[in-house]
Structures are given as structure tokens and as C-alpha cells.
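Below: a set of structures, written as C-alpha cells.
Common to both upcoming complexes is chain A, partnered first by chain B, then by chain C.
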Partner chain A sequence: MPEYEAVIGLETHIQLNTTTKIFCGCKADSWFDPPNTNICPVCTGLPGVLPVLNRAVVEKAVLLAAAMHAEIRPVSYFDRKNYFYPDLPKGYQISQFDQSIGKGGYLDLPIPAASAADKQAYTRRVSITKLHMEEDAGKTKNAGGRRFVDFNRCGVPLIEMVTGPDLRSADEAAQYLIRLRQLLRWLGVSEADMEKGHLRCDANVSIRLKGETGLNPKTEIKNVNSIDAVREAIEKEIARQIHETEAGRKIEAWTLEWDEDAGVLRKMRSKETEADYRYFREPDLLAVRLDDAWKQAILRDLPELPLERRARFVAQYGLPEYDADILTAERSLSDYYEAAVKAYGGDPKKVSNWLMNDVLRMLNDAGLKAEDLKLTPAHLAELLKLVDSGKINITTGKALLGKVQESGKSPAAIVEAEGLGLVSDDSAIRAVVEEVLAESPAEVASYKGGKLTLMGWFVGQVMRKMRGKADPNLARQILEELLQ
Partner chain B sequence: MELCDLSALELRNLLRRKEVSAVEVLDAHLRRIDAVDGRPGTLDSAPLTDEDRRKVHALITRTDARARAQAEAVDRRLAAGEDPGPLAGIPVTVKDIFCVKGTPSTAASRILASFTAPYTATPVERMEAAGAVMIGKVNLDEFTYGSSNESSAFQPAPRNPWNPERVPGGSSGGSAASVAAGEAPLSLGTDTAGSIRQPAAFCGVVGMKPTYGRVSRYGLIAFASSLDCPGPLARSSADAALMLQAIAGPDPRDATSAAVPVPDYLAELEKGVKGMRIGLSPDYFQLTFPDPQTGEIRQQALPEEMRAAVLHAAEVLAGMGAEIIEDVPMPATRYGIPAYFVISRVEAASNLHRYDGVKYGYRTRRKPADLRDLYRKTRAEGFGPQPKLRILMGMYVSAAQYSEQYYNRALKVRAMIRNDFDRAFDPSGKYRLNALLTPTTPTTAFEMDAVYGDSVLMQYADQLTVPANHAGVPGISLPGGIAADGLPVGIQLLGPDFSEAELLRIGRAFEVGTAGEAWRQVKPLVLRER
Partner chain C sequence: MSLTLEEVEHIASLARLELTAEEKERYRQQLSAILDYARRLQEVDTTGIPPTSSVLPARSRLREDRVEPSLTPAELLRNAPHAEKDQFRVPPVIE
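Right after this comes the complex of A and B.
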């Protein structure tokens, strides 16, 4: 069988996390609200109403466009995309057509070794062919033989972003979505939760013989609600196309729907001709003029991007890629890490270990973000210094994390208040050592008879009596002295 | 002289001096409506009677109770010594293309006949906040698509108070007729290609299309969004100024409303025309249109009396100190109608998409086979012929394969028309006009049923008014005389962006300069022998 490669482009719809909708004052997010509660004359398309653009939508679009290395148009336009559907109350969607806010752009997508066919990590440049603002439509559902419409989602701000046919495997498509989700949250423009529809993805899939450069007829996969489902659906579609091609059949331009429960693709419709949406400029809105002052004000908030920060963590702090990847998975965690490294002043890898082993577990268990922690980076740095200086041992240190998080008090204050510091008072330890030796004549005899490994047992006894607070090194010294 | 024959300013003064009450003013106007308006327009109306043929039929919906409550509120405020607002106690009618909370807002279409608006349009809200008393919603061409009012789904259609065998013009025909007949001194209309100015000319009243963006469109059921302008109809320039003052100004709910300060129109009104440069253009004294049979482009001079009225106005204004500039070229005028046909229909077809029987308004009573069938049946039954024509043409010319040939070309024409005005009004250019003086319409009001069958020809009646909509500039139509057929002749002034104060000033000067002329004393037929 000849070798095929997949040609995949992803069409994503990103729900922006603005407070209000794109053209009216209604609340944008209705995930927890009953149908038709966040609606008004404007978003339900009553006669005579007019849209007024929410500037926050433009600002978030500009941030995303900049992060995707897209050219940002100083003047862009809204257009009407005309079609009939009950969930589209105006009978047209206000979108951007030929002069959208973003032009071009790309994402340099790191493909980890685990996702690569030959287990070698590489970078795939994914081009962006479309990046525009638009309003969402509502939802319809059938129940009891009737059709219901929920307009809550009408007018929720979206960015439609489409890649070129640059992805070459289902794994690459999944990696793109993982990185896009990370970026959207990093920029603070979207919650990017696929299950809640904040990030929606349609995949265009075709195959060709390896080495070919042309494009073959593609199918479009819709209704995929998770990254795993995207990967699985594309894999199945690639396999189907190869099978069809091998069997000498042509691939037809179908639209396929992913059935999550059954794990299969179903044909929705054949796509013979492109629908004509009769686009024209939206006369109810002025051109979006992004003057320099506004643009600069927006881009002032553009943070260092996750992939850049990841590379810097490796270079600057000598972290392994693995650590850098985890620490930059989310922006507030990476900010937290850097703040802790600065406050600590010691080995950055040590901070990474504590974060990745303990703090992350704490975050995951509590469902918190790093920025929500009462355990501040300064607290963590202070705690590490307490361990370094022998004021507390590692076990106490780890237990302290939770106590700081619970109380918000500084580690030193808790150590002080709860007497958690190691006892390094010679006479106090000496008294306990003497007690232990007096209670254990048999062990003393064996030790003296040459069973030196019992030293650990003696130290353990001392620690138990002092409830772990003895400085173990000092206890060992005193034991050795008294057992001679 | 009855109260309902006084101007809004006169009524205002009487009310302020407590010589009359707002309720008395209201009652006088309601009596006038009872006397001259006849039965209101309804769906599936009974055939016209001889009685119907003598009435005005301006109204679709009377809002007597609402008006009475408003008038009583004004009287209470006056009695309490409070400022009741600049339009306090003044009756107004509102073209039924504006949404007014709690009232039917029909657009004169079956498809919206059952629609009661849950909110109020900004210009209406502003008039009511200024104390105006809304006495009813007046008839219009269905969705404003027409120049005669005959296309309304609510029949009988309005008739011209000067001669009920003639149309009142359109689409703000109900507005113009109601003002001419003394049913209200003020009416709120809309102008997309001349829809305020043309009926104002036909009915012998003042009608102003303000600069695009001067008055908010929020709550105006859209025809062609980039051309639609709400504006006042009144019996004098001063009353139009009073009303424009109340409705003009930026609106946070209309992104296309202009953030330009509103001048004090009344304060500017009496400043005269001395030193003003007023232009005349040969391109406004002829019509250019394709021959209906051969399609050949033909030019036709305007009837002499239309031309004479304009020249007479120029003479009057010159006598008052204005400088008349002749032969101002406005060469793109002739392309106004074809470009308008394309742009307005593309926008209209899209604006009509929302009437689908799903959410509000008319839904077919026949059982639909599926969703598409619901749309088809609902729209086929709900829309009259004019919306259907606009949908068909709008869909056609905006189709991807034609939009370059039609829509984008029309936009270029629009820019050419704008250039004509820019050149004429350029303060450092050759002409430096304050205003261009033209006829409003090629003819006086046409007969009922005469032109309605041919919508193309009816549209060419807008050739002299539509350029202002393309360019966005303000225009005003003033009564300029009475023709041999006994019908009013309108003259039009067009000015640069936001020059409403100057246009009203010229209008006022013209009224003062012609106050003694005989035609000023002639009353509309329906008001004679009263």
C-alpha cells in the first residue's frame, strides 16, 4: 500500500469571555441560566433595533490576533451574512468578511516526541487564513414533537479562526487545540472550555500520497466537543479515506457529524455548492477604527506568550523541557513560579520540584489557580529557606504548605506559633537520648556488640518521643557520643 | 380658526399662558380627526365607499387613551408650575414604522399587523419626554416601500387633503396628510429616498430629512439602513425646527448617530438669508429615465410650473439678500435612482429576513410541511407585492456573481453623488453654496391608481430627492406655490452635512417673504367650507 499523509485544517469558533454580548447589554455567558433569560430586543432581532459594538470584543480580538502574529487591520468592517434559520433571529449574522480585524498569522506548534510518528519532537508552522469577530446564533432543540429556540446565545461574541491545511495528523490537530486552548486562557480572552462550547472545532480532512503537494477533495467534520474526540474523529476519517481510495472510490465532499456516544462519523449532507450568503457591509455599524492610541493601550496588556516563556524557562533557569512545559501550562502558574524563584534566590529547579510535586497537587485538589492561592510565592520562598537552613525538616515543610494555604499566615509565623521548629537544644535532646538508652538495654547491648545499624532505630525512637521536632543530626551526634 | 389650525409654537404659547389646556388642544385635534379622517386603515378592508373617497384616512391606530393620559399629565405639570417640556401638550402623529411601546407597530404590513412593540423608538421617546402627546400611528406604504401610500396593507390608504382623488405621496403619506388636514401640527416621518420631502410637497407642508446620523434610527423598522432618516413634518419651518430640536442628537443605541452638538434651531431661525449663497442646478430641472418600452435613456424637462415655482423662490430669496448662483453642475443626479434601486433593495431584502413567522408577527395558518415551507407560506401570505419585489431584486443583485456588477457599482455611484455635493458646498471651491434650491418633485400629486401599477415609474418620482439620501446631506421641502391643478408645489433646499439650522432659516425667510402671496391663503379641500 502506498504511503498517505493527511491534510487537515481546523476551523475554530472561540467564545470570548466578555461580560456582555457583542451588540447589546445582555449577559454573555448563559451556561447556568434557563433558556431565553439573557435576551433583549436587540439580540432577539425585534423590528427596528440596532447593534452597538462592545469595545471589549475588539480588544480581545486584537490580543488574539497579535498573539497569532496576524496583521491587525487599522480599519476593519462588519458584514452581514444572510441566511434563514430559526436560531438566527435577524435572518443574518453580523460577521466580518473581506476586511476582518486580523489578516494572516501563524502558530509555531511544538509537537512533542510522544505525538510524533518517529518519536522525534518537531515544530509545525500552522498558518492562519481567517481571524474575525462575529456574533453567535442561538440554539434549537426538538422535544415532544415541537421545536424550541433558545436565544440566550444570540449575540455572544465569537472569534472565528481558521487554519490553513497545514496539519498532517490527528495528533497534530489535537496538539494545535491544546496549544490554542492554553493560549486563549493565557491571554484571558476565552475560558476555552470545549465541553461548554467556548471553543468549537470543525475539521477539514483530506488525504494525499506522501510527497504530493496538491489538495484532494475534503470532508468536513462537525460537532466534536473535546480534544480527544477531535483526535479520534480525524483518525477514523483518515482511515476511512485511505480505505475508500485503496478500494478505488472517490472521496466526496461530505459534511460529517461526530456521534460522541457511538464514536462514529455520520454523513450529514453532501456539499455540492457553496451557499451564497450575499455578504454586504453591515450598514448599522461604523467601520472599526483602531487608532494607534487604542491599539497601543490594548497591546500593553499582551503578555509574554506561553511558548516563548517555556523556552525562556529552559534557557534562563536551566529547567528541563518537561518542567518548563508544565510550569507554563497556565499563565498564573508560570507567573507564580517566577515570583517564587525571585523571592527565593536559590536553585530554580528546587522551586520547580516543590511546585510540580506539591503545590500543583494542592491546586488540582482544590480546583484553584495559582493566582488564587493564599500560599503566596513569597511564602513558598520563605518556607524553602526554612528547610534550607535546617529550621524545619522537609516533612514539616510539606505539611506547612497546607497550613499556610489554610490560614494565610506566613510559614515562619506558623512554625513559631505551633513550635514546629526542630529542637536543636543540646540538653533537651540529650535528656531524651538518655531516656531512650535507659529504656532499651537490649538494643544498647547489641549496638555495642557491633550492630551499628541500630543507630537508625535509636534516632527514630528519639524523634518519636520528640514528635519529630528533634534536629536529627544533633540527635545522632549525641547518641554516638553516649553509646561509645 | 380652530385650535387644530394653529401652529405648534402658537399652541405652545397658549398652553404656557394657560389660555388653553393640553386636554382642550387634544380634543380639538381628535374632533378634527373624527371630522376628516374617516375609517382607519385595516387589513382585509371593505371596498371603498363614496364617503371613503372624501376622507383623509391618515391613521392606522388611534391612541386616544394614551394621548389623554399624556395631555392630563401636561396639564398637571403646568398647574404645578413645572416646566412641562418644549413640546408639552403638542399633538403629534407617528408614522407606523416606528416602534412605540404597547402600541401596534405594523409597518403597514400584514406580516407585522399583530406586532405590539415592547420598546419605544428613540425619536418618539424624545418627543414624549419633551411633553408631546402622541395621538396615533399614521399609515404609510408597506414597509415604506412606495411613493403614494397605496401599497399599504391597511386600506383605505391615505388620500391627499388637497384633493382626495390624489395620493398624499409617500412613504410618509399618512404623516403629511395628517399635518395638512390639521389632525396634528407635527408628525414624525422617515425619508429613504424622499419619503418625507415628497409627501410634504404633495400635501403642501414642510418636511425635513436631516443629515444621516442627526436623528437616531433606533426603533425605526428598517428599510435601507444606510439611507433611512427620521425627520419632522410640520406646517412651518419654525414648527419643524421645534420638533427637530427635540429629536436630534447622538444616541448610544444607534452606532451611526452622529456625535455632533445640536444647535439651537429656533434661535437661528430669524437670522435671514442676507449673504447666503443659494445655487440652482440644471440637473434638477429635468428627469432622466429609461423608456419603459425601449429601455432607451430619455430626458424630459420638468413641467414649467414646477420650474417656475423654484425660480420664483430664488427671486424672493434674492430680494431678501441671498446671492443666487446659477448653473451649478450636479452631473451624477441622473444615476441616483438606479443606484438607489440596487443599494436599497440589497439592504431591504436583508432587513426583511427577520420576518419569518418564527418569533413574532404573522405566521401562516396553513400547516407547513417543514421549516422551509413555514418560511415560504408565511412570507408569501404576509408580504404584499412591494416587499416581494424588493426581496427579489435585492436577492438578485447581491448574489455573489452579480454584486460587483450591481452593488459595488452602485456604491461607486453613491460616492460620485457625494462628490457633486462636496464640490457645490466646498467653502473654498468655485460655488461655495450654503444651499442648493431645487424642485422637490417632478410633478404635483398624482391620481390614485395612476402610477401605482408601475413601480419603476413611481420610483423616478424620487429622482430629485434621492441624491440627498445617497450623500447623507440634509434636505427640506417647503410649500412653494399652488399649481394650475390646485395642488401644492414643493421646493427643496439641500445643504451640507449638519446645516439643518441654515436650511430652516432659509425656509423661514421664504415663508416671511411670501406671507402675503395669495396661494398662502388657500386651504386644503377637505378643510374648506368648514
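Right after this comes the complex of A and C.
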């Protein structure tokens, strides 16, 4: 069988996390609200009303465009996309067509070795062919043979972002969505929760013989609402197209719907005519003019991007890529890490270990973000120093994490108040060692007879009597001295 | 320039209008006349002149991202031909 490669482009709709809708003052997020409660004459398309653009939508769109390396148009326009559907009360959607806020752009996608066919990590540059602002439509749902319309989602701000046909496998498509989701949250422009529809994805899939450069007819997969489902649906569609092609059949430009429960693609009713949206400039809105002062003010909030920070963590702190990837998965965690490294002043890898093993578990268990912790980076640094100096042992240190988080008190204060410090007082340990030796004549005899491995047992007895608080090195020294 | 009957039918179907044969022919002539009139503008040499999207030099007014009072479901649904459970009820859609 000849070798095929997949050619995939993704169309995403990103719900911006503004407080209000794009053209009216209705609350944007209706996830927990009953139907038709966040609605007004503007977003329900009543006659005689005018849309007024939400400043925050433009600002978030500009941030995203800049992060995608897109050209940002100083003057952009809104256009009407005309079609009839019950969830669209105006009979048109306000969108951007030829002069959108963003032009071009790309994302350099690191593909981990595990996702690569030859197990070699590489970078895939994914071009962006469309990046524009638009309003969402409402929701229709069927129940008991009836169809109901809820307009809460009408006018919720979206960014539509479309990639070129640059992705070459289902895994690459999944990686793109993982990185896009990370970026959106990092920039603070969207909650990017696929299950809540904050990030929606349609995939265009075709195949070709490896080495060819042309494009073959593609199918469009709709209604996929998790990253795993995107991967699975694309994998199945690639396999189907290869099978069809091998059997000598042509691939037709179908629209396919992913059935999550059955895990299969279903052909949707194919449209007889090509959609004709008769776009024209939105007459109710003027040009969006982004002057230099405003643009600069917006871009001042553009943070170091996750992939840049990941590379810097490797270079600056000598972290393994694995650590750097986890620590930069989320912005507040990576900020936390850097603050802790700075406060600690010691080995950055040690801070990484504590964060990845213990603090992350704490965050996941409590469903918190690093920025929400009462255990501050300064607390963590202080705790590590206590361990380094031998004032507490690692076990006590790990237990301290939870105590600091509960109380918000500093590690040193808790050690002091609860007497958690190691006893490094020679005479106190010596007294306990003598007690242990007096109680264990048989073990003393066999140690002296040459069974030196019993040393660990003796140290253990001393630690047990002192409830773990003896400095173990000192205990060993005294034991060795008295067992001479 | 003359529109064909098929073009008129296509435009009507996009606008969800049902036209009689007599209307189709009448609109074909009227729309053609409008297009011919507009066509005269294309005789002007516009080489080197950027397309005009708006004759107003103004910029879009912007709104701060603050919630303002909305309608109640009852107010919204007062104009609805059919409503149920605070929602519009519409005929099933065949795509």
C-alpha cells in the first residue's frame, strides 16, 4: 500500500471571557442561568436598536492576534453575514469578512517525541488564515418533538480563528488545540473550556500520497467538543479516506458529524447549494480604529508566551524539558515557580521537584490555581531552607506544606510553635541512645560480634523514641561512639 | 446588463420570498434597471483610489465592559407567536 499523509486544517471558535456581550450590556456568560435571562433589544434583534462595540472585545482580540504573530489592522470593519436560522433573531450575524482585526499569523507547535511517528520531537509551524471578531448565535434544542430557542448566547463575543491545511496527523491537531487552550488561558482572553463550548472546533480533513503537494477533496467534521474526541474523529476519518481511496472510490466533500456516544462519524444532510451569505459592510457600526496609543496600551499587557517561557526555563534554570513543560502549563504556576526560585536562591531543580511532586498535588486536590495558595513562594523557599539547614527533615517539610496552606503562617513559625524542629542537642540524643542500648543487649552483642548492618535498626529505635525529631546524623555518630 | 430568471429566483430564495411568475419577471426588469444605473458608477476611473467603506471619518463608539439591565424573559416573549418554558417555540428545522 502506498504511504499516505493527512492534511488537516482546524476552524476554531473562541468565546472571549468578557463580562458583557459584544454589542450590548447583557451578561456574556449564561452557563448557570435559565434560558432568555441575559437578553435585551439589541441582542434579540428588535427593530430600531443599534449595536455598540465592547472595548474589551477589541482588546482581547488584539492580544490574541499579537500572540499568534498576526498583523493587526489599524482599521478594521464589521460585516453582515446573512442567513436565516431560528437561533439568529436578526437574520444576520455581525462578523468580519475582508478587513478583519488580524491578518495572517502562525503558531509554532512543539510536537513531543511521544506524538511523532519516528519518536523524534519536532516543531510544526501552523499558519493562521483567518482571525476575526464576531457575535455568537443563540441555541436551539429539541425536546419532545418540539424545538425551543434560547437567546442567551446571542451576541456573546467570539474570535473565529482558522488554520491553513498545515497539520499532518490527528495527534498534531490535538497538540494544536492543547497549545491553543494553554495560550488562551495564559493571555486571559478565554476560559477555553471545550465542554462548555468556550472553544469549539471543526476539522477539515483530506489525504494525499506522501510527497505530493496538492490538495484533495476534504471532508468537514463538526460537533467535536473535547480534544480526545477531535483526535479520535480525525483518526477515524483518515482511516476511512485511505480505505475508500484504496478501494478506488472518490472522496466526496461531505460534512460529517461526530457522534460522541457511539464514537462514529455520521454524514450530515449535504447542502444542495453552496452557502451564499451576501456579506456587506455592517451599516450600523463604524470602522474600528486602533490608533498607536491604544494598541501600545493593549500590548503592554502581552505577557511572555508559554512556549517562550518554557524554553527560557530550560536555558536559564537548567530544567529538563519535562519539568519546564509542566511548570509552564499554566501562567500563575510558572510565575509562582520563578518567585520561589528567586526567594530560595538555591538549586532551581529542587524547587521544581517540590512543586511538581507536592504543591501540584495540593493544587489539583483542592482545585486551586497557584496564585490562590496561602502557601506563598516565599513560604516554600523558607521551608526548603529549613530542610537544607537540617532544622527539619524532609518528612516534616512535606507535612509543613499543608500546615502552611491551612494556616497561612510561616513555616518557621509553625516549626517553632509545634516543636517540629530536629533535636540536635548532643546530650538529649545521647540520653536516648544510652536508653536504647540498655534495652537491647542482644542486638548490642550481635553488632559487636560483627553484624554492622544493625546500625540502621539502632538509629530507627532512637528516632522512634524521639518521634522522628532527632537529627539522624548526630544519632548515628553517638551510636557509633558508644558501640565501639 | 440583464438578470436571468434563475438569478431572481436565487435571490428570492435567499430572502425566503415566494414569488409568482408575474412577479419574477417584473422584479427581473426592475432589478436589472437598478444594476444598470449603478453600473454607470463603474465608468469612473478609480485607479489608485482605495475602496471607501464609509464616508464618515468617525470611529466606532466603544462601550465599557459593564453589565446593564436586560429584559425579563416575559418581556422578550411577549411578541413571540409561540412560547413555552421561557423559550420561543419554533417549527422543526430541516437543513
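The rule is short, and it goes like this: the second predicted complex is superposed on the first by the 481 of 484 C-alpha atoms of A that agree within 3 Å, B and C clash if a C-alpha of one lies under 4 Å from a C-alpha of the other, contacts with A are read in each partner's own complex, and residues count from 1 in each chain.
The working rule: contacts are C-beta pairs under 8 Å (C-beta built on N, C-alpha and C of every residue); 3 or more make two chains touch, one makes a residue touch a chain.
Worth saying up front: this structure is predicted, and the values here are computed from it rather than measured.
Once the two complexes are laid over each other on the shared chain, residue contacts for A:Asp276 go to chain B and to chain C alike. Applying the stated contact rule after C-alpha superposition, one finds that A:Asn82 touches each of chain B and chain C.
Using the contact criterion defined above for the overlaid structures, shared-chain residue A:Tyr92 touches chain B, although it does not reach chain C. Applying the stated contact rule after C-alpha superposition, one finds that A:Leu285 touches each of chain B and chain C.
In the superposed pair of complexes, A:Leu420 makes contact with neither chain B nor chain C. When the two complexes are overlaid on their common chain A, residue A:Ala475 makes contact with neither chain B nor chain C. Once the two complexes are laid over each other on the shared chain, residue contacts for A:Gly48 go to chain B alone; chain C is not touched. Within the superposed three-chain arrangement, the count of touched residues of chain A is higher for C, of the candidates chain B and chain C.
When the shared chain is aligned, no partner comes close enough to touch A:Ile8: not chain B, not chain C. Looking at the shared chain after the overlay, A:Lys27 reaches chain C, while chain B stays out of its contact range. Across the two superposed structures, the residue set of chain A contacted by chain B and also by chain C is 41, 44, 52-53, 82, 84, 86, 147, 149, 276, 278, 285-286. Of all the residues in chain A, the ones that touch chain C in their complex are 18-20, 24-27, 34-41, 44, 52-58, 77, 82, 84-86, 99, 140, 142, 145-151, 268-269, 271, 276, 278, 281, 285-289.
Per the touch definition, chain B reaches chain A in the complex via residues 98-99, 105, 107, 112, 115, 117-119, 121, 217-222, 224-226, 252-256, 346-347, 349-350, 352-354, 356, 358-360, 371, 375, 395, 398-400, 403, 407. Chain A meets chain B in the complex at residues 41, 44-53, 80, 82, 84, 86, 89-92, 147, 149, 276, 278-280, 283-286.
Across the complex, chain C meets chain A through its residues 10, 14, 16, 53-54, 56, 58-73, 76-77, 84-95.
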